[in-house]
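A short worksheet on the structure shown next.
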């Protein structure tokens, strides 16, 4: 274990991920009842972890550039063909910042879910998986090698699968969890290829080793690895082609969604891109792709958020859109802007999700239309929601304004003016849906009476997060300097433009929703856009028709190929063949009723063609081999007629022929 | 001498359990348990001891002359490649005996056959003489045939005959190749054969159509049936569906590894030029196996068939590792061998437990197991994630190294690695699809009221799970054995 | 060398007997022609100088075998017309036999060793024949084996033809009389 | 005589010992003892027991006897392989006698006598180096076979089979004798060594071919195998098990010796043998595929196996055959034993049940031990390793491949694979099929099965209608055990066996 | 007077053999076949005696050969006729063509 320490020995930082991991290991083997009782263990573990990370932050305070670790430790994982492969953990300023952020959000969510899950009999299991997830995220943040990052990346995927599918008894969470895990794994294929390419190039996964040799990588290799990494990030952070899973992931318990699908896991993609920025910057095309993906995803998320009626879906699409912002920030090369927005977004989005949890708990519904006028019954929740929402919209004193403004300035300086316009449009739409939710949920006619204010255990974590959202805004400079860049306050003009953007969106929202003006007329005007938005721009339809249904058909066809054609061709023995014909009839019967329940017309035409092909050509081959050998056998039996005369003549005939051939022919040869 | 004891111990089991009097029929399982257990302890002790001192070159070698005229020797030995497989084989045999505790139909013959199978498997992995290897290769065939045909499911007769004839068809070509090798070089001994082949002029000449190429092809047919590689795999699903639980565990857990072991022990080191001719074909077939196995598994209605096709897909990774020809590739092949043995062994044991309770393997009849049998569901999820290739578990080691190895290999184009990546995705797809239908959801009448997993059954599964975790966390526990062998192999190919 | 005329006469007698025995319509005729052929062959052998063998030939073939055949014909054919069958020439066997003879003739006629063997060996006396038979390097072993062959022939004949006791499976001839049903 | 002496002594030190003839002598004694058994008021099967003991003693005697015994002026020479063949034949006979003693039904006295004489003939035939002795010994070996095929004298199928076998066999042995007489005439002497010195001429070639064709018929090699299926299908599996194995084993030895000692003078010997080999393999396999009667199936399997042996013999008959002669001799003898032991085993198991495959149905339930024995014998016939069949085939194919018959070895391999299909039907019948209900036993099987209903026939006057003794399971076990031992050990101990043979 | 050599005798024997062969193949009744086989045996004896007469060295062996040949033929005729009688008893015929129950 060699230490690459400037002068600090931060071995204890490793405890931060290990503590929740220990909690998970402790909780796992327990029986359900015992596990429910000691669901406090993970919370205690997280509190200690927070303490340690804050201590680390203090010790590391002046901070340094991203990528220069204060302290690093490496183990030899294995030797491959005599060449040692190592895994390592490194502590640098970015890692410490993320540690603090994750611990804070983690603790708030865990405290909140103490109350939220109190009447669910599998709450022990919920905390256990939550602990595993936090351990994985903290480890992910601290990892010093791409292999460790990938390993923990997939562990987080599993945890999100388990959490989304927590209530596995009913249909929606089951389907959503599988969809989420499969879509993220589609992204992981890219990560796999990138890993293989990078290892092939520089023989190791360590970041500093990669960055050292990246200069002399071949352009093809550079392209493959960056495309792979981008594809992985798109999968994990629900960017545009692979974003369908995040809205469905809301089927899981709200605190789970709050932690995973707002604050931590979804930003893992962004975090990985920041880590690998040195590699990506060498590839201008990759940067451009990242920027384009970021902006389009932001727009996509924002537009759809405006049309959602489910409170959590709105937040989900808003997360997609803010992630788009972060990716765009990376796209223009500024890691600090992305990280800053990542941090602030974590706080206010977690805040919004938890508050949404309280509202849902109180009104027992997720549909915003049935909520209304909650301000009077739930004053604290309203205040807290307002802080979060306005921070999201980018109102001046709140942290959201500063981090979004940072991104605007960075995009502006990068000269990509189309991107800046896009970002501004997203700003407008963001404030539009913020205001819309604000009015529909808290003002308007109060249509459910028994809404009651959240209890203390719910409100404490929420208010902590609200406080942080207020404070963070003023930390832009120290935070930037912590990450190694001298930050500056947003320029006056930029502040003005972003406020103007926010105000115009708010005004639009006010005019439409404040006074309950009927939105039917609006809907006719934009009916095309509205119907498209309802169907999430047909993204799901594309998945279904071009990937899922053909996959079902392909597997069915290949299995039939397997069972009939290869088997048929291989065992031509009559005796086996008889068994096979029974099998084919059985299969055909099942195929026909299989086709009936919903295969496309194309599919049915094809199977009929295949059947004809089967019965004539393939059976022909199988028959051929079988009958050929039996025909020869039968022919031989016919010769064996039992007549002695026939045998005598055969023998003598054979003898004479052989003698003639051998003696005469060979004699003369 | 110790290695001969390890190999021959199951023979003791065969004799005792077959000759037990009728009254003491139930004693057969205790005899079998004792014998296979002792065998495993011995083998594991060797592994641990070797682990400490490191394995370079052949260990525990014994060589006695058997048929002097044909220079056939009883030559056995263990090295980095075969020691882990030997331990896995003894472990799985032990667990197979444990898993078939409730066998009532002719138990004496059943456990005799299991011990005979264990003997054959131990022999195959330690034989260093081609004739001895072929003898043990066929010995394994007979008990498996009887296991399937006597204690199998409804269509056991068709499945067992098909299993026997497929493998026999392959092994006949292997015999022809062995004879041809003997005639060219005059020796059957694996250790000397490599340099003998190198010296004989007739066997020079790489590339398609050279004699080495043909020999490799003959061996390929013999081993491909066993691995199984794509076109020759149709016996596997039938054999699995109809085999009893213990039969399936051994068939998938260890008998498929004989094919890849054959490639690594015989084909690649002895016929390097032949191998270079076949590399691309192997790679393509391997990738087809991966994707084909995964896609077809998706459409299965019977759990065992699904796991059988998953075995085709996983062994495809092992073959891709071999086809890559790089150090990572060979390590990958050996890692997939061991990890697939563990994961699929676990899956089959678990499926066997469900079958013992519900007597059905149709997925549509089984659902909501998590609600009814939570501990079982937990273990099943662990096994599924392991076989899906989740990091920190052994499945990931094999698949990751295959990807890295095949990308690095000069002979295989990059697209093959990408398709293999897609294969991993499809692998995840059918496993999740199985878990979603079988484990989650509301309990069906068949699953209703079923007792959760018992201690005996947990004992069957826990050692495998522990090994999966240990290998997954610290790769070196396994790779320290396989890497010296892989490095030596690469040096041979390089030379 | 041999006197051609005697050779011709005896040879013709021999061939005549053989041809008629083989193509006889009636089995009884065939049996009698066999007798004639055996006697002719004994004469021919005598002409070749091997008197002792000729006598044995006469005894064994003409006597024992001929009579035995006639005896069997009497047992197995109840009436005259049973033994009758219309005579027709079977072409395929004729072709085969002729082809074989042609090959043999070609072989014999072109063979030098046969042509070169002309030394007229004086015929062996019976005493000499006996002494050589039982000399240490002689044919005692062959003699023993021949006797065993005859014993087997005897056992077989007894086994198949005896009607009195039960068959291997205990069924007596009576109940399977209608064998041909 | 001098030329004979020089040639044989060149590789055989003279050792005068008539002791080696003890085995055949004892067998002759047993034959006569069993013929007069009822006069000595001894139970019917006692003869078989004595015969078994004698055969066992003879086998040990032969095995332990000295090597290179030359008798009767080089007419009879017991080299290593002759002694091994004699021991093998005696072992097979011993197994058969034990089975007859245990489970033989009805009168087995005559069968024992005939078998004993046949075995003594075979023991002499394997060592014969003289045309006359060879012919006589072969006749002595195969004549009892005619009787055994037709042993059930009150059943027309048996007799019909025997008649066909007899007539065809006599016809072909006359061919052989004619060839032998012509060769003798040309060479002047009947000893093999002399025949080797024969100058090649069309007539001598013709004579030699006729001789070999006769031997082909004895071995039921392809163009001349027509009698085998009908002869075997007509009679009981118990008698077929002897008639199909011992005469064939002796025939194989004779043809191997003949080819090695005499064929150098005849270039076409190799092509003749190859024709026989390929024809046997192909015809035998395809005909066997569609058989439904065990005896007929094994008849065709016999044709195929003789085809394999002829392939190796052809290898040693080639121009450079001398180098391969010893290995060819060794591998053909070993394979002959492996094949005959397995065939006798299968037939003995079938004897308890009945001739047809369907009679074997459900055997694993009735007699599990016998069923597993049957499985092992069939696997040995297929050529699955650790059993004798595999090692036999391995040596056969390697010798043939080395001797240049690559194409034919490939044909043999394909034939082996195809043969697996029809052999497996035996296992399928024994293990999977369900026996039809006993009531509907068809006419043929009723007559066929040896379970003899005590016959209270009209002439109860027949004094000694023997009430059949019960089948003693131990005896059957011992018989099958001997054959099983041969099948299992021949493979594993092939090292020492080969040293013994050369 | 003209003399004739060994070739003529062997030729005669060959002719006799061929006639016997024709008879064996073409005859329907078993006894007819046995008679033809008998004739073939006679031809072999004649052949042997031819050699005995003309070859200097082979005379004794030729005599022994023919004697043993006669023994073999006698034994075979014995068995053959016994078999024919047994078959006749059971099947009321000795016509070979009717005996074709065993086939396939």
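Observations on the structure shown:
In this document, chain identifiers A, B, C, D and E correspond to the written order of the chains, with residue numbering beginning at 1 in each.
One rule holds for everything that comes next: a residue touches a chain if its C-beta (ideal position, glycine included) is under 8 Å from a C-beta of that chain, and two chains touch if they have at least 3 such contacts.
What you see is a predicted model, and the numbers here were worked out from it, not measured in a lab.
Considering every other chain in turn, the ones in contact with both subunit C and subunit D prove to be A, E.
The minimum number of touch steps separating subunit C from subunit E is 1.
Overall, the chain located most centrally, as judged by its C-alpha mean against the mean of all protein C-alpha atoms, is B.
The leading chain pair by number of C-beta pairs in contact is C-E. Put simply, the C-alpha centre of subunit B and that of subunit D have 43 angstrom between them. Once the centre of each chain is set as its mean CA position, subunit D and subunit E turn out to be 26 Å apart. Averaging Cα coordinates per chain places subunit B and subunit C 71 Å apart. Once the centre of each chain is set as its mean CA position, subunit B and subunit E turn out to be 67 Å apart. Residue positions of subunit B touching 2 or more other chains, listed in rising order: 161, 165.
Annotation for subunit E: residues touching 2 or more other chains are 10, 17, 20-21, 24-25, 28, 33, 41, 43, 50-51, 55, 64, 68, 72, 75-76, 79, 83-84, 86, 90-91, 96, 99, 101-104.
Across the assembly, subunit A contributes residues 573, 637, 640, 642, 644, 648-649, 652, 655, 659, 663 that each touch 2 or more other chains. All chain pairs in contact, by the document's touch criterion: A-B, A-C, A-D, A-E, B-D, C-D, C-E, D-E.
Interface residues of subunit C, counted against subunit D in their complex, comprise 103-104, 106-108, 110-114, 136-142, 145-146, 148-149, 151-153, 155-156, 159-160, 164-176, 179-180.
Remark: subunit D residues 131-132, 135-136, 139, 143, 146-147, 150, 153-157, 159-164, 166-167, 170-171, 173-174, 177-178, 181-182, 184-185, 188-190, 229-230, 233-234, 291, 293, 296 touch subunit E in the complex.
Residues 163-164, 167-168, 171-172, 175, 202, 205-206, 209-210, 213, 217, 223-224, 226-227, 229-230, 267-268, 271-272, 275, 283, 286-290, 418, 421, 425 of subunit D are the ones that touch subunit A when the two sit in their complex.
Subunit C contributes residues 92-93, 96, 99-100, 103, 107 to its touches with subunit A in the complex.
Contact residues of subunit B toward subunit A in the complex are 155, 158, 161-162, 165-166, 231-234, 237, 292, 295-300, 326-328, 331, 368, 370-371, 374, 385, 390-392, 396, 400-401, 403-404, 406-408, 414, 417-418, 421-422, 424-425, 428-429, 432-433, 436, 439-442, 474-476, 479-480, 483, 486-487, 490.
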